[in-house]
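Labels run A, B, C and D following the written order; every chain starts at residue 1.
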Amino acid sequence: MRTLIKNGTVVTAVDTWTGDVLVEGERVVQLGSRLDVPVDRTIDATGKYVLPGGIDVHTHLDMPFGGSTSADDFSSGTIAAAFGGTTSIVDFAIQYKGQTLHHAWETWMRKAQGKAVIDYGFHMIVTDLNEQTEAEMDGLVKEGVSSFKLFMAYPGVFMMDDATIFRALLRTGENGGTICMHAENGGVIDVLVQRALKQGHKAPKYHALTRPARAEAEATHRAIALAEMADVPIYIVHLSAAEALEQVTAARDRGIPAYAETCPQYLFLSYDNYEEPGFEGAKYVMSPPLRPKAQQDLLWRGISGNDLQVISTDHCPFCMKEQKEIGRDDFSKIPNGAPGIETRMSLVFDGGVTKKRISLNRFVEVTSTSPAKIFGMYPRKGTIAPGSDADLVVFDPLRETVLAAKTLHMKVDYNPYEGRRVKGAADLVMSRGKVIVDGGKFTGRAGDGVFLRRSGRSL
Amino acid sequence: MRTLIKNGTVVTAVDTWTGDVLVEGERVVQLGSRLDVPVDRTIDATGKYVLPGGIDVHTHLDMPFGGSTSADDFSSGTIAAAFGGTTSIVDFAIQYKGQTLHHAWETWMRKAQGKAVIDYGFHMIVTDLNEQTEAEMDGLVKEGVSSFKLFMAYPGVFMMDDATIFRALLRTGENGGTICMHAENGGVIDVLVQRALKQGHKAPKYHALTRPARAEAEATHRAIALAEMADVPIYIVHLSAAEALEQVTAARDRGIPAYAETCPQYLFLSYDNYEEPGFEGAKYVMSPPLRPKAQQDLLWRGISGNDLQVISTDHCPFCMKEQKEIGRDDFSKIPNGAPGIETRMSLVFDGGVTKKRISLNRFVEVTSTSPAKIFGMYPRKGTIAPGSDADLVVFDPLRETVLAAKTLHMKVDYNPYEGRRVKGAADLVMSRGKVIVDGGKFTGRAGDGVFLRRSGRSL
Amino acid sequence: MRTLIKNGTVVTAVDTWTGDVLVEGERVVQLGSRLDVPVDRTIDATGKYVLPGGIDVHTHLDMPFGGSTSADDFSSGTIAAAFGGTTSIVDFAIQYKGQTLHHAWETWMRKAQGKAVIDYGFHMIVTDLNEQTEAEMDGLVKEGVSSFKLFMAYPGVFMMDDATIFRALLRTGENGGTICMHAENGGVIDVLVQRALKQGHKAPKYHALTRPARAEAEATHRAIALAEMADVPIYIVHLSAAEALEQVTAARDRGIPAYAETCPQYLFLSYDNYEEPGFEGAKYVMSPPLRPKAQQDLLWRGISGNDLQVISTDHCPFCMKEQKEIGRDDFSKIPNGAPGIETRMSLVFDGGVTKKRISLNRFVEVTSTSPAKIFGMYPRKGTIAPGSDADLVVFDPLRETVLAAKTLHMKVDYNPYEGRRVKGAADLVMSRGKVIVDGGKFTGRAGDGVFLRRSGRSL
Amino acid sequence: MRTLIKNGTVVTAVDTWTGDVLVEGERVVQLGSRLDVPVDRTIDATGKYVLPGGIDVHTHLDMPFGGSTSADDFSSGTIAAAFGGTTSIVDFAIQYKGQTLHHAWETWMRKAQGKAVIDYGFHMIVTDLNEQTEAEMDGLVKEGVSSFKLFMAYPGVFMMDDATIFRALLRTGENGGTICMHAENGGVIDVLVQRALKQGHKAPKYHALTRPARAEAEATHRAIALAEMADVPIYIVHLSAAEALEQVTAARDRGIPAYAETCPQYLFLSYDNYEEPGFEGAKYVMSPPLRPKAQQDLLWRGISGNDLQVISTDHCPFCMKEQKEIGRDDFSKIPNGAPGIETRMSLVFDGGVTKKRISLNRFVEVTSTSPAKIFGMYPRKGTIAPGSDADLVVFDPLRETVLAAKTLHMKVDYNPYEGRRVKGAADLVMSRGKVIVDGGKFTGRAGDGVFLRRSGRSL
């Protein structure tokens, strides 16, 4: 099966050129000015961008949470991703206390198998690190689960103390894995939450008011310091606060290999959303919380200046009905998270490229190339080059859409960007050589996505 | 009883003038150009400095440590202090797990009573913070024990987690107390120590090599961040590393009320001392450890620029024989600490004023005035002004002495500065109007020192 | 003549104590708890502060400016200063191109003699530096004119190029003088002014809009760099922008002896004043200009943290009528400057001490002690100690006044703080032992002020 | 004419893949996994890298200097460049006072025409900016001379004052040109040079000792501040000092579009070279001078962290004999400059990639892609993509060479790296589709290089 994508503006993290891309089987095989070869299908990309498929390295599909489960499973979630122009995800498998890491991995493999329509990998959330599970880490890296997420927040649930974190970091120095960190000081937050509740503060906005930016900045600084002492790189997930970004910038200025991602919600939403009337603020309850609007520009600066390398989504949707409303009388009980897997590419393109905050190449870099490189998927994923997987998006930079829960494909009863008009959308999406979205129709098949055996860090 | 100190160069943290100081009873009552009043005793201070008595806010006298006890009790320790020109100390009372704070206070009061020859106060080391002990903190502040020391190091012994530290900080926001912090990341250090021992590294220098400067800088940053979130000042004890100082400087540049002390050992000794032959390095085993020599200049800059406000001693002597040698085959068992209560004023005067690193007024400020103000002893202590306690030192800026364990008065069988020649020494020392050291003789009396009921913070 | 000031709260840059101050002739001779000596006059200071007289090191009295002259001469100006609690000034003598420095000095001596009611010194404004005038600098330092002001602004009038500034700095390394710098990039400003005028922008606010904060920050950085290369201290006058303060802070953090003053106008007024209707904005036309209101807090932080050491006034009044209005149709022709010599102490006390931004001691330090020390007037001026000049202010911390051109004593037809209510005012002012202001009446005599022969820098 | 480069490891600034590159005429037309097309010539690149040709944006060929001329003209210089793997240069045309910019351009066009063997563009050195030459700038940008170099050093020769620099910067805001800045404070340096000569300091090392790093840092800060106020990007040439890099880093952290290049001499040589015996130090006399060895690591960090975007050479060779020796008795007369055009790629590959300081992609970026993008040559130059010029280098990463004046092709009688062994060398070099270096032989033709009409900035 050969497909020729003709006459598009092909964009990578560094190049922009107009011409043709030849796909054979699952791979890109030729790039050229005017390729003249017999093919099975020709796709005309005139006036469109041909982009490497988006890679979302922070999703929570089918994730159990306090008796409930995040609203998208690997079927609805990956279909939504595909519609948005994303062709690979890295989700999180959770080790629960007392379990082995392999048990967690297998559990999550089962969630994905037969459902995922795009390729998927896993980070391993480690909650119980002992001699045995430390040894398991080595094996997982070899088997393609090469990154591990630790928490400095959620005491009693996920939080690890510094000694344990440090041991995990040292271990990656030996096995080549990467530590991803949820950087918020959970101890402080817990005290503030208890105090707020005691004072009768129950509304959603107290979720934000009990999670100060300084608590994120502190944990970010600490995470980097621990990594520096262990002499390994570190990756900060969902960085939200300018104060935290300052820590990353300062470390990088000193030459420390600290990496960080942010998410569209921190670029387009703000604390003001918590002040929406009634219980509406619950839509935006996530951790870290949304920050003051003035910080958005500082995050964009971090993106353009490469102090933030990745934009992922932290997609973790809960419906308002029956899920978010659990916390109607107690903000601390509101399930944390919001949908985003489908809207990332359009939001970032619109806010970044259209609004001239970042270049087109940088857009590709933060949504695809850097995540692929950082998490061991490159060169199979993350670029358009001979030999790479044919994960390709024909993207119309001018097509405008209005974001709305009703028309989006995520299975959640609201959208945090409801009504927002964005310019730039995926017209056609190809996963390993097969067209899975075309002209607003899903043309793929559940189960066609395969597990991504990722290599160790190349940070 | 009236005493006239005539014709000295009177020095405070801001002024330098030549003239007379009249003492009546325990107080300074007049300062003047040529006081002509009938007195009981006249002391000629021509060519000498008249300084406010030194205040050492970090001492560990008669402190139990692993079956042993620090070598100086409140008798020998305060006599040594007096010889060195120090007329007030603040020692540490230790709450052990399960005990009340008051029990600790009473225990330490008994250690001092009848022995101390100069005035003394206590910081309370809190190791067990629960609702009851939190409530006790309020009472202690009112009773004059207005500062509390917490540890971020020594897991399983003194170390507190961030939530507990944060609760203590919040409490001082209400009761006006001050939190003093031992800022080293104990979790990281513990892992490094275990690893070093496992690798067969037993020598004293591994004490330093397992306590990286970054572990101190991280904890310093965290302590300040926690205080910032609690909206209270904080005081970092025995800051040793330039990296930690950078954190204090950065916080102060942002207007955060962060304070810090360093100690002479960090200004005059260095990592090189751990490389002394045989077991000699044990003399310098203290926490934080000595740092590279190049950092000394950076600490002096911190002192001159007021990013370090206080020079205290962390006096905590253990003899080489029978005490330090416990750790001959395992550096982690060496009792932590070194003597310093007697040598502080001369060392800092010589290294600071004589070597032109700081002004004479700044010398008075860091050794007496700032500690008095920060820890609620001012204006009774820390200056020479009408109404202040007559804690006075006639100091000869030109007299040279050679530091040696044999001639010093501390009860410890070595001195870390053995053989060092210093310029500047106390000739005569007066405590609340009574001369207690004169011409190399101790003329005071055990038990004449009184408990200093300190007011809450004036930071 | 002996005067006893009884029972006041005596305040220095470090001490606060209640008691008596004995003045004999021109000097303070005794300080005491209850002085019981025969005196000619007793002043009851119960409930009042007794402060060292204010020192204003930046005034422009009787200064020629484009055919006009600043509105206060040494008579009206120093009387106004006295009413405000200021007992010493350092004014600026201007060397015009082709003249010797001594000629300038003599000219300004004549302006002051027989008129000044408080003591005065001079900084020398150097505009023409050649071999001869460089040599003159050495002599002036010896004669008590130990500081020199250079300009990085006003090309063609005062501005010096970097090579000349550097030569002047090097010279002070040899002769002990101090360079004071007007730090704004005059080249940039000139281009912006010309461009604005060409675009038809004539209103007063364009004065501010053509003098960007970055132009001040740049020049501040450059001035400090030149001083660092010359290995001498430097003093930045009238710092107005937070961006410039950042440069001073960064240099001081590196240990560079950089000093800076700010003025009340930058603490209490802001860019918004330029937006006042009609030509009112002209009242605030000064250089550097007023900055955005949000910067005020940052300047206060600089003051409390000692990155700004001095608050002076840059008193340089021009009447709206006939003077400011020269620039009605061209902002660049508005005489630069505003009145402030009389209101400094009350404004800073109210905004600083009453509003709890700085301590009472720090208030004394920035308005009196630091200027005295930096500019070679200490210990004669700047403190209350035996032997110091009896320049004293009995200051009522509770008395409220409303600032108004009509009731103030400066000879200018408007006041930039018109209508502002301030708490804290000088009740009685003594200059070298003589009461010159008492209960709202001037009791001094023109010509009683003497020239202050200042020593070289003690920075 | 079609050429196929087969089976190489093709490297761009972001991608690394193994396969084939098809060249047709002057352009790259296809990239593919196994291209199977009829061609005129096949080049086997198995085991080699296929790189975009190097771009050196800082050369001084055939440059008059004080009666002498730089040793390489556009013939020998570009041949040497080609041997080193560089296929494009941007040289400097100098406007002398009183001349038009076009006159300068034409003069330099004549120097290059008929001689250059690779493509060349020009930056315009502006020394005389008036209304007419400002207007000329606009035209030059349109004609492809889109960058202008200004000097903050060399007073009386090249140095411009800040007002003039600012006007030039403002102009580029309108015409899309780019200002390149030689950032050293010439005023300070001039005073230091005169002082050194007066003190009898004549040796080459005084060249360095009279050009302090702080003078470079100051000018760098100033240049960026001027650009910030003009709201345009700026490009700092030949950055040498860590202190200057700090300024660039700080500006970029604030989001300011400041760019900078460094040169191999600052990465591989150091101040120590000036201490070589006799007059040997003259070999290294260039401006800015070589800095302390410890700074090399900081510059590498700047390169890897993208605070330095470009490595150029500042190739400006003068023979020791008859040229450098002019300054035998006066360091200030030594012609400034050193050879480097031929050794750049091997040095940077060896020190960067082989020594693992930067990635292979980053090597391509700093030596080719970024210079092309910054200076308006992309996508014609700087990458390997369909449609780009076939400027290609087959580079052997393992071949070792020993650098020596004798075997290198630059026309200068010494080499600053004489005897240094480097790993990595160009085997074959293609310029616009024609092989010009092959197996150590030059196969090109004088005059085949064409003038590069560059577009305006894309910074």
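Note that a residue touches a chain if its C-beta (ideal position, glycine included) is under 8 Å from a C-beta of that chain, and two chains touch if they have at least 3 such contacts.
Everything numeric here is computed off the predicted structure, so don't read it as measured data.
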| item | value |
| --- | --- |
| Shortest contact path, chain B to chain C, counted in steps | 1 |
| Whole-Å separation of chain centres (CA-atom averages), chain A against chain B | 50 |
| Interchain centroid distance [CA atoms averaged], chain B/chain D, Å | 57 |
| CA centroid of chain A to CA centroid of chain D, Å | 40 |
| Contacts with two or more other chains, residues of chain A listed in rising order | none |
| Contacting chain pairs - touch in the sense defined above | A-B, A-D, B-C, C-D |
| Residue numbers on chain A that touch chain B, as the complex places them | 155, 161-167, 170, 185-188, 190-192, 195, 212, 214-215, 217-218, 221-222, 225-226, 228-229 |
| Residues of chain B defined as touching chain C within the complex | 12-19, 22, 27, 29-35, 249, 252-253, 255, 301, 304-307, 365, 369, 379, 383, 385-388 |
